[in-house]
C-alpha cells in the first residue's frame, strides 16, 4: 500500500472519466472508491448501457454524452480518457485547451505527426499534468525492479527482453480490430518499448528490426499483421532490447520483462502465476496463470491513478513518479512505427 | 476485486474501530477508504498519539477514549476490536449487549470458559453479526484453494499441513509478550488450526500431540514456551493436520498450508515470494520474501472487512462467507489449549 | 561425477550380487559397467528368469542358486544383498563369517534384537566393510545439503522435516506386502529417520509420536497399517524431526527433506521435478514429476556403489563416506519401531 | 538410463580419442568406462602432460603424438575429435579416407566451403558414421521436449527462443580466443541454431538479423566481436527463432530453450538449477546455478557417446538417433555465418 502524501488532504481532484468500456469501468470504480484525494465528478459516454451501468455502480457522477460538454463543466479538474485510440490525440488537445489535466490510456496516437502536435500544445500548458497510461510502471514488481536497478543491484543494465503475450482468443476479436490497431507492435509491443526505455534510462533508439508470423489467425494477413511478432531494438551506447508479442498463448496472459546488467539480471513475471496456489495432480506440479492483462495489472491500474492524483495535487507534473509523459509516449510510437515498417519491408530500420 | 453485492447500495454501516495500534490503523484505513458500504464513524483509543494519528489520517471520525462511551454512540452500528487479547471476550459481550455487530481480531480468548460465555451471549442475539478475524480465509490464494476443494479438484481432502513462521526478531519482542500470549500454539498456530478445520470441512478434533524447541530465544524457557513448535492433530473420520510454528526464520514470514486429498494436493504459499521479481546474481536465482504477515495478508485484511460489511448488510450473519464464527474461534482455542497442554506434559492429549 | 581416488587403480573388488529383482538388476548393472575398481564376479538367485536375464545383460558373472555356495567362492570379495528384508540379518552374519565385505539394502532388520546380533558379529570383524543402503545419503542434492550444513550455511540445524511419498498404486501391491513390510514407518519413514539423524549430527532419539490414516487402501486396516502416516521425533538437545509417509500421491514420488537452522533453511526436492522441462498449456505452467524412487534416486544408487567400493579399497571401513553403518541402521529400526508402537497405542513412546 | 540395444553385445567399437584437453578428457573417460560396446583403444595428443594424464586415468590405451599415425592403426574403428576447431574439417576428411567412423566436436568448420567439401567426401563413404557433437540433442530434458513435440503436445511448433549464456570469466579467456572462435554466433549460438532446426523440423532458413553489444570485455571490439549478441532467424513456412548469447552472466551458465506451439509451449532449463536444493536465508529463497556447460551437460556428453556407438554397431549411420549429421552442421555454420555478417553490416541477411 503506497503511503498517502500530505497533499492528499486538501479538496479532492474532480475527475471526469470518458469512455466506460471494460477498462473505463475499472478506472471509474478505482477513482470513485479507491483513490484518496480524488472524486469521480463526471462520466462521459455516448452509449446508454454504459451510462445505465454508471448509475448503479458509481456514486452519482454527472453524466455527459458529449465530450465537449464535459469539458465545459467547470467543476471537473481532470479528464480520464479511456476512448478509442484514434480519438486520443484530439481529445488530449481539447482537454488541455480547456485547462484540464489529462490522463489518457495508451497509445497517444499511432501517427507520429499527431503525437508531436499534442506535445506542442502541452508544452504551452506546463501547469497541466498530461500522462499516458503505461500501467506497468506502476505494477509493484516492475517498480521493485526499477528501484533495484537504480540502487545498482545488477550493475549497469544493458539489455531488456520484454514480452506481451495474450491468451489466444479463438474468436479472434483482435482480427476485427486489426484495421485500426496499428498492428501487433503498436498495439502490444508499445508497452514493452516503454518498459525498456524506462528501465534502461531512456536511451535514444538507433535501429530496429522486426518480423513475425501468423500462427493461428489467418485473417490478419490481409492487414499485413501477424499474431506473433519478434523484434530487436538497438539504443545508443550499446543498450539493447528484444521484444516478443503474441496473441496465441495457450496458458494465459504471459507478460513480463527481463533486465540484464553487468552484475546480475532481474526477471519480472517469468511465470505468470495466478496466485500462491500450486496444484499437484496427474498433470504434475503446476500453477494456474493470469488469464488477461486485467487480472495481471489490476493493482497497477489503481496505483497509476493514485500516482496521477498525487502528482497533480503535489504539483509534480510531468515527473517520473507520475508515469509516462507525452514525450515517452511519442518515443514509444516512434519505435513501434519503425517496428511495423521493418515487419513490412523485411529490412532493418534506422531511426 | 470482489464484486459488490446490491446490498451495498443502501445506507453505510457505521463502524467504530477500537484500538489504533499497527493493525488497528490498517483496519481503520481500510474501513475509511476501501470498503464500500461502510463508513468509519468513530475511533476509540486511550492513547493520545493514536488519536492524533486518527485526526490526520482518517476522515474525521468521532473520537472516544472510553469503550463504554463508544458503545453509547447510537450512530455506531458495529465495533471493530483491535485491542489486547485479554480484553476481547468482555468487549464482545458488551458490544452484543449494546446491540452492535462486532468484528474482533483473533483470538476470541485464551480461556475456554470465557469463549463459551461469549457464545452463550451471542446465541441470544442471533440478529447480530459476530466474527473473529482469521484473515487467511480471505486471502485470495486460500480462497481459491477452498473453492477448488469444494469443486472436488483433489478428491476427498484428508490432511492439512500448515505453518506460521515469522522472520526472526533479534530483539525478541515476543519474549516480553510471552507471559500473556498463551504460547506459540495459541498465538500463532491458532491460525493454522482454523485453516485446517475450514479446509477439511470442520471435523471434530480427537487427539493432539505437540512439542517444540528453543532455537534462539532462551528467555522463553521460563514461561514454558518455545520458539519453534510442531504438532499433530487427529480429527474424526481419519482426517489429520500437522502444524509448524516458528519465531526464528531467516528469510521472512513463511506462512502457508498444504491440503492433501485422494486425487491431488494443493499448496498455498509454498515459497513466500515478495512479488513477481526474480534476481539472478552471485547468490543464484532467487526471490525475496514477505517480511511480515502484514505484507503477506494486506489484501486479506481488506477483503475480510468487505465481507463483514457485506454480510451484515445482506443479513447473512454467522454464515461461511462472513468469516470465522465465535464457534470456530472456540474450537481453535480448544485445540490450541490442548497443544499447549501436550507441550507441557509430553503426552498426547485427548479432546 | 565423483573423482576416482588412487586406490581404484589396483585389482578390482570382486562382487557377488544376491537377488536380481528390479533393484538387484539395477545394482548388478551399475557394478558391472559403471563402478570403477569393481568387477561383477558372481550373481545369486533361485529364479530361472533372473539368471537368464543375467546371462544376456551382464558380463558373464558366475551363477549361483544357493547363497552358501556363493559365500564359498573364494574369488568373491564382497556380497551385495538385494534380497527380501526378512533374510538380511542372517545373510549379513553369514557373509561376515565367510570373511566378505557386505552391502545390504535397507532395512537391516525389522527386529531390534536381530539388528543387535548383527552388530555384535560385525564388531568382531572390524576389517570388513558392512553398509546398509540408505541411498539418499549419496544423492547429489542431499550430499550438497549435508556439505552446506557442515560448512555452517544455515547456522545450527535444529529441525528436519522429511517425507517419503509414493505415487498411488491403484493395484495396492504394498497391501499384499503389508504383513511383512513392518508397516509404513519401518518400510518408508526409515529413510527419513536416517536422513534426519545424518543431517542433525546423529543425536539420540528421546521420544516419538505417530499417527496416520487410511485414505484409499482399506485392506491395510487388518494389519494395523495406514497409507498416510505422520510422526514427530524428539532428539536430545532440543533437536526435532517430523515425518510424513504416503502411499497415495496423485502426482508422483514426492520424496524430500527440509533442514531448518538458526541462520537459514535448506529444502531438498521440494518439487519433485522429472527434469528441466516446463510445460505451459491449458493446465497452467507445470512440470512433470518423478514417478518412482527409482527415477528419483537412479544416480544415488550408482554413487553409493562407487563409495562402497572406494571405501573398501581405501580401507575406510565404517566411515561416514561409505554410507550408513550397521549402527545407523539399528537406530533407524529402533526409531521406526517406536513410531509403529505409537501408531498402535495412540501414545507418545519414550526411547 | 538408456537401455542397451542388442547390438552392443558383439565386439566393442575400438575408439581413438584425439585431443585430451578438458573436454577431451571427459570424452575419453566416458568412452573408457561408461559406454557399453565401446573400448578406448588409443589416444592422440602432441602434449606430454595430456599423455601423462592418460596413463594414470585411462585403461592403457595406445598412445600417439601424431594424428596420421593413429589413422594407420588398424585396430581403431573410429576417431573421436576434440581438437581445435580449425583442424576439424581436414581431420574428418582424413579419417573418412582412412575408413574410420568419426565423431567430431562442433563446429564442423567456420568456413562454408570447407563444410561442403567434408560433406562431399562423406557422401562417398555412406557406410561410415560421421557425427558432429551437438550434445544438447542428448540432454534428457531436450530429448523429452523433442519427444513431446513429436507427440503433438504443443500443437504445431512455430517458434524457438534459445540462449547460450556463460558465467562471466573476469579473465576473459575467450577474448584471447576471439581471433579464431568465429565470434559469439559461430562459437555459442551455433548450438541454439542446431536446437532450433532440430525442434522445428529442420526448416530452411530464409533471413537473419543480428546485433550485439560489448558489456564488459572491451578487448573484443578489435575483432568485431561482442560479449552479448541477439539474433532473429526466419525459416520457411513462417517458423521463427530468436537467439541470445552472452559471455557475462553473473549467476552461472544459463543455457536453455523455449519452443512455442499453437497449443502450448515448452521451456527447457528456464532456471539453471544446480540441483534439487533450495536455500532460504537472508538473500531470500534461492537455488544455486550450474557454473559451466560441463556441469549442465555432463550426462548429455555421455549419452551422445552411447548413441554414437549404438548407431555404428546397429548400422544406423546418419540417422536422427545418432545426433547431428554433417549436413546439420553445415546448416548451423551457414546460419551462424549469416548472423556474423548481419552483426558486421547492421543489415538483415537473406540466405
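By letter and in written order, the chains are A, B, C and D; residue numbering begins at 1 in each of them.
Heads up, the rule we're going with is that a contact is a pair of C-beta atoms (placed from the backbone, for glycine too) under 8 Å apart; a residue touches a chain by one contact, two chains touch by 3 or more.
These figures come from a predicted structure and were not determined experimentally.
The chains that touch chain B as well as chain C are A, D. Of the two chain pairs examined here, A-D and B-D, it is A-D that is joined by more C-beta pairs in contact. A repeat of the C-D interface exists among A-B, B-C or A-C; more than half of the contact pairs are identical by residue number at A-B. In whole angstrom, the spacing between the mean C-alpha positions of chain A and chain B is 37. Inter-chain centre distance (chain B to chain D, centres taken as mean C-alpha positions): 56 Å. The distance from the centre of chain A to the centre of chain D, with each centre set as the mean of the Cα atoms, comes to 42 Å. Counting partner chains per residue, chain C has residues 154, 249-251, 263-265, 270, 273-274, 279-282 touching two or more of them.
Only residues 249-252, 254, 271-274, 279-289 of chain B touch chain D when the two sit together in their complex. Contact residues of chain B toward chain C in the complex are 154-156, 158-159, 161, 207, 209, 211-216, 228, 230-232, 234, 238-240, 242, 244, 246, 248-251, 260, 262-265, 270, 346-348. Listing the residues of chain B that touch chain A in their complex gives 1, 4, 9, 33-34, 36, 56-57, 139-141, 144-145, 148, 153-154, 256, 263-270, 273-282, 298.
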